[in-house]
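Presented sequentially are two complexes of subunit A, the first with subunit B as partner and the second with subunit C.
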Partner chain A sequence: MSVIKINDLVYTYPGASKPSIDGVSLTIEKGEFVLITGPSGCGKTSLCRTFNGLVPHFYKGDLSGQIIVADQDIMGEQTFDMAKHVGLVFQNPENQLFALSVEKDVAFGLENLGISREEMRKRVDWALNLTGIYDLRERSPHEISGGQQQRVTIAAVLAMQPKIIVLDEPTSFLDPLSAERIFEVIYKLNQEQGITVILVEHRLDLTAKYTNHLVVMDKGKICFEGNPRNILCNDEISQIGVGIPKATLLYKKLKADGFDISEQTPLSSDEFANQLLKVLANDYS
Partner chain B sequence: MITVENVHYSYGNNIEALKGISLTINDGDFIAIMGQNGAGKTTFIKHFNGLLKPSSGIVYVNNVATTKTSVAALARNVGFVFQNPDNQLFSETVEDEVAFALKNFGFDNDTIAQRVTWALDFLSLTQYRKISPFLLSGGERKRVALASVLAWDPDTLVLDEPTIGQDHEQKENLRQFVMQLQTKKKTVIMVTHDVEFVAECNPRVILMRDGKIIADGIAKDILTNSQLLEESSIVRPQIAQIFAKLSPLGLPANTIDIDEAKTMILTKAKESNRQ
Partner chain C sequence: MSVFDGLKFRKSFSPIHNLDPRIKFVYVIAVFISALLFSQILPLIILFLIQLPFVFLARVQKQWFRSLRGAAFLAGFIFAINIFTNFFFNNWSLTAFDVENALGMTMRFVVLIVSFSVFFLTTSPDHLGLALEQSHMPYEFAFAFTTAVRFVPVLAEEAQTIMDAQKARGLELEKGNILKRIRNYIPILIPLIVSAIRRSLELAEAMESRAWGAVKKRTNLYLLKLHKGDYVLIGITTFLLITTIYVRLFLFTYIPLVSNFF
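Let's look at the complex of A and B:
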């Protein structure tokens, strides 16, 4: 069952001379973990903004094509109605925080859903714990670090328990271990609760291993889509300027020099190391 | 040269953010300051251009204590690019933004025009010359902030998380640019969480934790030291993650460079075929 279906989407920001999204069709199935990547300015953030109608309702501009999200046609829905279905986490956390305390920021979206006080308390605590910021709950969101702010915006979206979570470089300000923990939390929600995740990332080193549906964009178009193992071993991908994981790159370099360690392209260091140990162990026996 | 002598710094709330830091940064050094959120990295680098003055201890920039001079005078030598570009952008066009400091420093119009064109071209921003920085993406705004500092060619460049929001090609451009600066003996100090970028650049790494420096050394030793990494919430770069698991093959765990990695694996493969 598809949760997002986009047909022939062309979108131009007001005053821009060329479209930011230039003929995109994309179907996302329920429960998928989709990774969208591509060089800066390729249109990936603009595409994410269509998922809850920020494009075109807030940003205006010219749009043609069709966007169906959670069975709703975006053109006929208000952005605040879509918030029940789609949670968005943007790049810059400061723009999304405004309440007097971390806890109130996380609770804000829930207050508008009309749920009971106890349920609200439960969900806020759950989201604060999951993102590791429970101890910060009474601090002002403006006196904590950029990385901590990013966790607040993620917690606020998780608390809403939307069916679809869209994250646009959600951990860029976080230290690597915290970033990995956040990705693990999101991956777990995806695996255990079937939440559809759409993640925009440049850093495939950290994230390629989670996805089964990779979308590579360039100049407003989708140029590769599908299984990450097939896409990342394609040489054209480096020409677009996509930074493939070092484990995958090392595998390709060895293969180019005549040492093919596996039929399956590795996406993570664990996969690479296990494949290599297996091959060399066989050689010894 | 920057010399830091036993610097302590407290914000108004009496929480000590820096707890006794001493360090010498030589001309031409390329330094990555790493450590978990809240370790004091940003507080520390703000001392290099006098934005913050030590609560106790001294910071000398080119032998002048930062308490004895102004931020404006220090800025000519120490260029700063902040983590969040929105904190330093305010002009109506990208071009004006990049020209702003040059005007303040009193460069003539021809020099300004030439430096602006060079900086915009260098950072692939020429096409945005006439538009507002606020219409650009986060990664692009970050490049505008960098261009506006590069334009006046300071001796020391301080970059707070320069790779955030940058794609693969832009990171590679940044790396090559830093290498170019090295040949001119410019000093580059960056605060970063980007272990892959650090592994590619191979700078001197200074590791901070809880307001102190806990390690100072070459990237390949620090980024593969399990204890230091754990204390600082840093994950090994991916090549080092692979080599951490290859000890059964007798390969060195302190490997972070992909080409070195390739050569060692090929050698190992040939050896094993011979047996």
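Let's look at the complex of A and C:
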């Protein structure tokens, strides 16, 4: 069952001469972990904004094509109605937190929806626990680290219990370690809560292993879509600015030199290390 | 940076911090009114002394003293103006009564400063925003208030970064006469304003994505409830108001003047 269905989407920002999204069709199934990548300015962010109707309701501009998200046609829905189905997390965590305490921020969306206090309390605590920031609930957003702030924004959309969470480069302001922790939180939500996750990310090194639905965009179009193991060993992909995992690159190089380590293209260093160990063990025995 | 330090509220807990901000505000207004009812120094000194237990209960003596010191200049100014006008209109003569009158005016100012500073020192912006929300004010105002407080440290940090960046490119802030110095700040203000506008757009986007404006009647995670301490403060406030009004109406002429003892 698909939760997002996009048909022939073309979108131009007001005042722009070229469309930012140029003929995109995409289907996303329920419970999937989708990874979208591509060079800067390729239309990833604009695509994310269509999922809850920020494009075109907030940004205006010209849009043609059809976008169905959680059985709603976004053209006929307001962003605040879509917010119940789709949670958006943006790049800069600092600009997504408005309240003076973590807890109050997580409750912000629920307050807007007019949820009762008891229910709100339950959901806020649930979201705080799930993202591992329950202990920070009374701190001010200014006092906590960027990684923690980004977890607050994830908890904040999570509390609204959306079917889909869209994260637009959630770790670009974070160091690699905090980034990895964020990805683990997201992956856990996808696996344990069955929430559909759409992650926009440059760091494929850290994220390719989570997905089996990779979308590569360039110049407003989707140029590759499918299993990352097939896409990332394609030679054409290195022409577009995509950060291919180093393990995958090494695997390709070795393969070109005649060392076929494994049938499966590795997506992370750990995976590749295991494959190598296996080969080495076979050689010694 | 240090300019903004004073705006940052430090979280602490005390019986005074935990009081309902609405009641505290009513109390401050009551003190305000009481101070305006009297011009003699004795009742004003009593009003001043009444504030002290609050300061010590809240354990904010240090900050409180600092705000008092900050007001000292203005207080001195008020005193000087009063003395001077009395001196001027009384044909260049000054009585002990005039000095007491001037002192009374100064004391009145000090009482106002003290009560307000205790209020702001012991009320978190959080609490204040909540009080605004729950006193039937349109939510937009309360939201604007808390967001402003939330972004003060963020913008201060950004101003510092821009200042450092411009200095690194050779901008000299402390150079030239006063007009030149003001002009020097233009290369800092413009990027700051531009980035604040960009920030506000991102903020709006995030608000939209979290269902801003979905229902007419918002709910609230917290509910301000009156506790024992609040009722005690209501009692104190009522007592204070009744006493001062009674004294003002019926015993005003009996209030002793310190200058009469000399």
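As a convention for this text, the second predicted complex is superposed on the first by the 274 of 285 C-alpha atoms of A that agree within 3 Å, B and C clash if a C-alpha of one lies under 4 Å from a C-alpha of the other, contacts with A are read in each partner's own complex, and residues count from 1 in each chain.
Rule of thumb we're sticking to: a residue touches a chain if its C-beta (ideal position, glycine included) is under 8 Å from a C-beta of that chain, and two chains touch if they have at least 3 such contacts.
Worth saying up front: this structure is predicted, and the values here are computed from it rather than measured.
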Contacts of A:L54 with subunit B and subunit C, given as first, second, both or neither: second
Subunit B versus subunit C as contact partner of A:T265, first or second or both or neither: neither
Touched partner set for A:N92, first subunit B, second subunit C, both or neither: both
Touched partner set for A:P39, first subunit B, second subunit C, both or neither: first
Contacts of A:V157 with subunit B and subunit C, given as first, second, both or neither: second
Which superposed partner A:T207 touches (first subunit B, second subunit C, both, neither): neither
Partner chain(s) touched by A:M120 [first = subunit B, second = subunit C, both, neither]: second
Overlap of the subunit B and subunit C footprints on subunit A, listed as residue numbers: 92, 94
Residues of subunit B that touch subunit A when the two form their complex: 35-38, 83-84, 86, 135, 137-140, 161, 164-171, 193, 195-196, 232-235, 237-239, 241-242, 245-246, 248-249, 258-259, 261-262, 265-266, 268-269, 272-273, 275
Complex contacts: residues of subunit A adjacent to subunit C: 49, 52, 54, 58, 79-81, 83-84, 86-88, 90, 92, 94-101, 103-104, 107-117, 120-121, 124, 138, 140-142, 153, 156-157, 160
Touching residues (chain side subunit A, partner subunit B) in the complex: 13, 38-41, 45, 91-92, 94, 145-148, 169, 172-180, 202-203, 205, 241-243, 245-247, 249-250, 253-254, 257, 259, 268-270, 272-274, 276-277, 279-280, 283-284
Complex interface listing, subunit C residues touching subunit A: 11, 124-126, 129, 143, 146-147, 149-150, 153-154, 199, 202-215, 217-223
